[in-house]
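Two complexes are shown next, each including chain A; its partner changes from chain B in the first to chain C in the second.
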Partner chain A sequence: MTTFKMNRRTALGMGVGAAALATGIGRARAQGKTLNVLAHRVHQASLTQGPAGDLTKAWRDANATEVNWATFDSNPLQDRLFREASLSSTDFGVGFLVNSRATRDAAKLMAPLDDFQRANPIEDFADIAPGLVAAMRFDGKLVSVPFRHATIGLFYNEALLEERGIKAPPQTLEELVDQAKRLTFTSAAGTPVTGMVLASDLSVFPVTFARAFGGDFISGDLKLVPDRGALEKGLATMQDLFKAGALPRTFATTTNDDQVTWIQQGRAAFTVLPFARFAQLNNPQQSKFPGKIKAIEFPISEALRGKVPFASVVEFWAMSILGNARDKDLAWNFIRTMSSKAVTTGAARNGNGPVRVSTYQDPGFAADQPLAAVESKALAGARVPLPAFPEAARAQTIFLEEVQLAVLGRKNPSEAVGAIIERVKPLLPA
Partner chain B sequence: MRADRIGIVLGKTAAVAVILLWSLFPIAFMAMSSLKPAREIFAVPPTFVFAPTLEHYTALLVRWPDFFRGLWNSLIVTVGATVLTAIVATMAGYAYSRFRSPALTRSASFLVAVRLLPPIVLTLPLFPLINWLGLSDTHFTLIVLYATFFVSLGTLLMRAFIDKIPVELDEAALVDGAGRGTLIAKIIAPLALPGMLALSVFVIVFAWNEFLFAFVFTSTRAKTAPLIVSEMLGSFDGVDWGVLFAAATIQLLPILIFVCAMQRHLVAGLTSGATKG
Partner chain C sequence: MDADRGERQARGSLIGEDDMGSTITKRQFAAALPWITPAHGLLLTVIVIPAVYVIWLSVTNSTFGRAPSFVGLVNYVKVLNDTYFWRALFNTIFIVALVVHLELLLGLGMALLFASGLPFRGVLLAAVLAPYAVSEVSAAVIWRYLFDPDVGPVSVAMKAIGLPILEWSIEPSHGLALISLLSIWLHLPFTFLILYAARLSIPRELYEAALIDQATPLQMFRKVTLPLLVPALVVAALFRYIFVFRMFSEVWLMTQGGPARQTEVLAVYLYLEAFRFNAFGEAAATGWIMLAISLVLGAGYLFALRKDMTSDAR
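After this line comes the complex of A and B, so read on.
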């Protein structure tokens, strides 16, 4: 009979051995020539899949380097990026940073890029939307290079408009409200249609309505509610739509994904989404109205039409080098190449929102993209929904709470705006 | 009287039907939606009769190949954590069952206390340590973490099972010259197998579905399937619900079959020690 003797020394030895083996394996894997990139899957897809093909291949071949994409959903991605960047060192070289999380504290975790840009510049850097680049400068230092934007527009179901005898989409906000009310009906197919569907958990929509009256929630220079009357009018308009049934009864629980499915199913006539959703909304496999979902720039109010440009809401992602990255030169080399004109246009053909003005002027690109002209125009005056600051998330939560109370009729718009000012003011940087 | 009994039976049947509907509807909706054409999934009014399609499963295979790598990783981690937990918990359960000392008593309290800590409290401080050790994004880390998380419960469970094994068997084996290792491996473990199976059910269900540890400690190589399902939900280009439901169905199916097959052991595990004394 063989006896297996497990004494303390054996157990300890086995434990140490297993840990050493695992450590060795972990380190050996990390030593291959690989650039680790922290990204959202949409970034990976736009650089590697689609009509323009794999845009990283030439770079990978030229540098004999593999790109290892670690992809996460948006907020987890930002959390992971900041957590990795706060270590003493990290295996990750490049990370994608979203504008709403690009605060001064976050910027300190990223490597300043100006020296890299001076030594080995990105092609025609001035061509990259200056407003987006400016949002990635902190204390004069560039910390991230814009890569992808999502600018919102007004989507409408042309078939439903025709069914109600509406010849053209709205040119002003007042027309939009009127049409949304008329489009709250039961369609010939028997589907109950709501004039407009908006998610209640995103600040993009109330900010868009406020901007249609020339207002805002927090301006780029951190002024809280720069035009109180405009924000009140924006909320009053949303409240009016809700009261008329032109926003869903379930507004308080409506999400971004509901907007997509409602439009695809013909359950809503209007919605506000990034232009990049155009292909999905018209996808014949998903939509009951392929080719009938169109988009325009969100209309401004009649009083401001032709007097001031409308500031569409834009969100964007940018590429950073983690401050503790081991091979920053390799990371910059990647960012530089992925920011070139050719790759930007290729990524746009793969479905990315291009940050270069010249991409929209590319005849080949414009011919393939029905919304290129309108998106380009909207992008020119676009601004982020609110600037990044440490308490931005809490400010946004408060804003949305008050907006919901106003839209649902639990508060009048004036009271809600008053509460927004009172509650958000202490959160703004001194 | 008879009317009363009929009423009670009808009431019980209705209650069971409601519970079944409540429990099974989400699963049925998910499985059905994975087989529906995309535009039918959220159709109003909903369609219950449709021509089933495998298009979402095909799309899943083409567009999310890493989901299947994630499933493989989930399998490795689940098997590893289960084996490790079963071994460690059996040895620890044996120690708690057969030996008495103040240190053991105190450590038993510690086992319970560990379970009270929210996982996030343990997770974040471990992140820099795991990274420093070069163990980030490895199966090993997840296996050890999952096992660690379940060893305390497993030990208590295995102790209850081993308590039922007569000490005389130990004594006889020791008199015959067996060491403690042989005793546990050849005598105790086979007799405590039902307990190990019950414990395995808990560990497998946990490890297969776990998100938080996998999210914090993996990025690509050891990324498990739940992380990829969560990414499908966060797509900027819109959620492809058909593909998501297909992935969720595939993710759910093995564990559903396993739990159904192991139901007997699960009940045994839950009631272990209940009739002792």
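After this line comes the complex of A and C, so read on.
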């Protein structure tokens, strides 16, 4: 049997070998470029997987560059993006920025894009929803290019509605409440069904209920609770649903992912999610009800029906170049290509919410996408749930805390709204 | 010996004395320096420098995109005046007290049971240690499902036999209880292993002597087992105090501190300040306050441990 002995010569040989290996790896890396992208998994998926295939391949081949995706959930993604951008330099070139975190302070960390756009413009830039572009402009400088919008709609399980003898989805909020209560039952399959499932950690849902009565949390011009009565009615409606068992007992700890699972498994009949979730909810590999999950615009209250348009909640993501990125030209090249008309339409086929108006007008896309028309209509009047300002995250946390207390019945809606106004007011910019 | 020591002290070659009373000369220190420098360098790099940075951060107003500005002790005052901080502190102390003591009791009971001789000891040992191999994320997902108020098997079983279920998503006290149970389930193997090893190291002769003296099982436990297990109990308690005091993942994965931030613990409070509100000054101040509180809570155990170690050494 041969025994291995470590002596000076062996150690020296191993050291030289390791150094040569490291040099070889370094050279191999230098031959091909890599673009590091900070993103949410959904951004990566919509650009690389689905019916339209991998939309980054042509760009990768043309630029001899690999795309390295570092994906995180929304809040950790924004945290990582800002931390990377705060360093003296970073290996990350592109980062996705969500509208609610796009404040003036955050914008200072991103590279201004106007010079890139002048030198090497994005195809038909005016086609990208102007309202979304404007939200990414600070002190006249564009810091991010919109990529994905998530406009929410009301999803329903058609099979469960049919089982309870409900022929059509609700046209008003009052009908929605009534149907959600009727759909709180044990299905023929033996599954306990809850009328509606909502996550409690996002302001989208209470804001949607408030808007159904013409109210809001913080308006675009930073007016806090512009219509107190409407927000109180919205919270009272949610409280009523919870008391009736038409919202889950776990409402206060339900997350966005739970909503998807509950709908796919037939544990809930209604939910509120971005239209772009349609494909996922009907995916035969994940859903027990493929083809049966449909969506409509969230219904407005009876009193406002036909009088004012419903302002759906929209959130959107945009692509930025980190201010301290080493190769900003490569990053812009990526953003420019991923914002083209062809890639925008392809990403929409893969499940992205397209930010170009022309995508919805594309007859081929509209024919393939059952929700294209309703989504386009909802997007036309959509507004963000709350505008971005330095203390927006803290304001949203207070709002959600008071909403939870109201829904669980610990506070009456009027007390909760009073507390929201009192506690959020000092956080708004002067 | 003392004269030699005095002479060396006068010459300046004697630079100190270790815990065991041995003297160290300058030459010995110089010879030892290359061996201790890497460890001290590591400590300096990963503990001392970051700690100093966090102290500096705690006296500044700092967030992304803005240069930090010195604000003195304002952040400490803000944190100490924040009702969420006090609620998180109360919840943390509640969980620490429940988890550490219940876990010690269960760990001790199981260690004694195993030491008394069990059939299929290997299989049972593997079963007891298994939770330690489960990741906290998987464990939280499993427990969330098990205790789901509508369809969770545990909730369904409790309803079936007429017992009230844990409304952990609605009642903060239920939420804290479930988080504590999850933590105990996950970490009991750690406590059990320490106590079991300590119990096995007690010489059999002591029990034989106690039997000759006609001691009852209870007397043997009180007069032989317990006194000899005290050092291991202190070590286990101290480690668990430290770990539970900074508990984050169990709470975050089970309730995210809800409903309405009522099951929040200090680590979750700190996380929100740092990574959701990006208030780095307040977050850093919270970190130092946490350290101070945990030192106060653990001081008794630390003194007991040091006393025990030094008495053994001498």
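Please note the rule applied: the second predicted complex is superposed on the first by the 398 of 430 C-alpha atoms of A that agree within 3 Å, B and C clash if a C-alpha of one lies under 4 Å from a C-alpha of the other, contacts with A are read in each partner's own complex, and residues count from 1 in each chain.
Going forward, a residue touches a chain if its C-beta (ideal position, glycine included) is under 8 Å from a C-beta of that chain, and two chains touch if they have at least 3 such contacts.
For clarity, every value in this text was computed on a predicted model and none was experimentally measured.
With both structures placed on the common chain, the touch criterion links A:Phe82 to chain C but leaves chain B unconnected.
In the superposed model, A:Gln286 lies in contact with chain B only, and not with chain C. In the superposition on chain A, A:Ile166 contacts neither chain B nor chain C. Touch criterion met: A:Phe251 reaches chain C, while chain B stays clear of it.
Residue contacts after overlaying the shared chain place A:Pro192 against chain B and chain C alike. Once the two structures are overlaid, the count of chain A residues touched is higher for B than for its counterpart among chain B and chain C. In the superposed pair of complexes, A:Ala102 makes contact with neither chain B nor chain C.
Judged by the document's definition of touching, chain A residues 76, 83, 192, 267 lie at the interface with chain B and also at the interface with chain C. Per the touch definition, chain B reaches chain A in the complex via residues 37-39, 42-45, 55, 127-128, 131-138, 140-141, 177-182, 185, 215, 219-221, 223, 227, 230-231, 233-241. By the touch rule above, chain A contacts chain B in their complex via residues 1-6, 18-19, 22-23, 25-27, 29-30, 36, 38, 40-42, 68-74, 76, 80, 83, 87-88, 90-91, 150, 190-192, 257, 260-261, 264-265, 267, 274, 276-277, 279-280, 283, 285-288, 351.
Every residue of chain A that touches chain C in the complex is listed here, in rising order: 75-76, 79, 82-83, 85-86, 103-109, 192, 194, 200-201, 248-253, 255, 267, 390-391, 393-394, 397, 401-402, 404-405, 408, 410. By the touch rule above, chain C contacts chain A in their complex via residues 63-66, 144, 148-151, 167-170, 254-256, 258-261, 272, 275-278.
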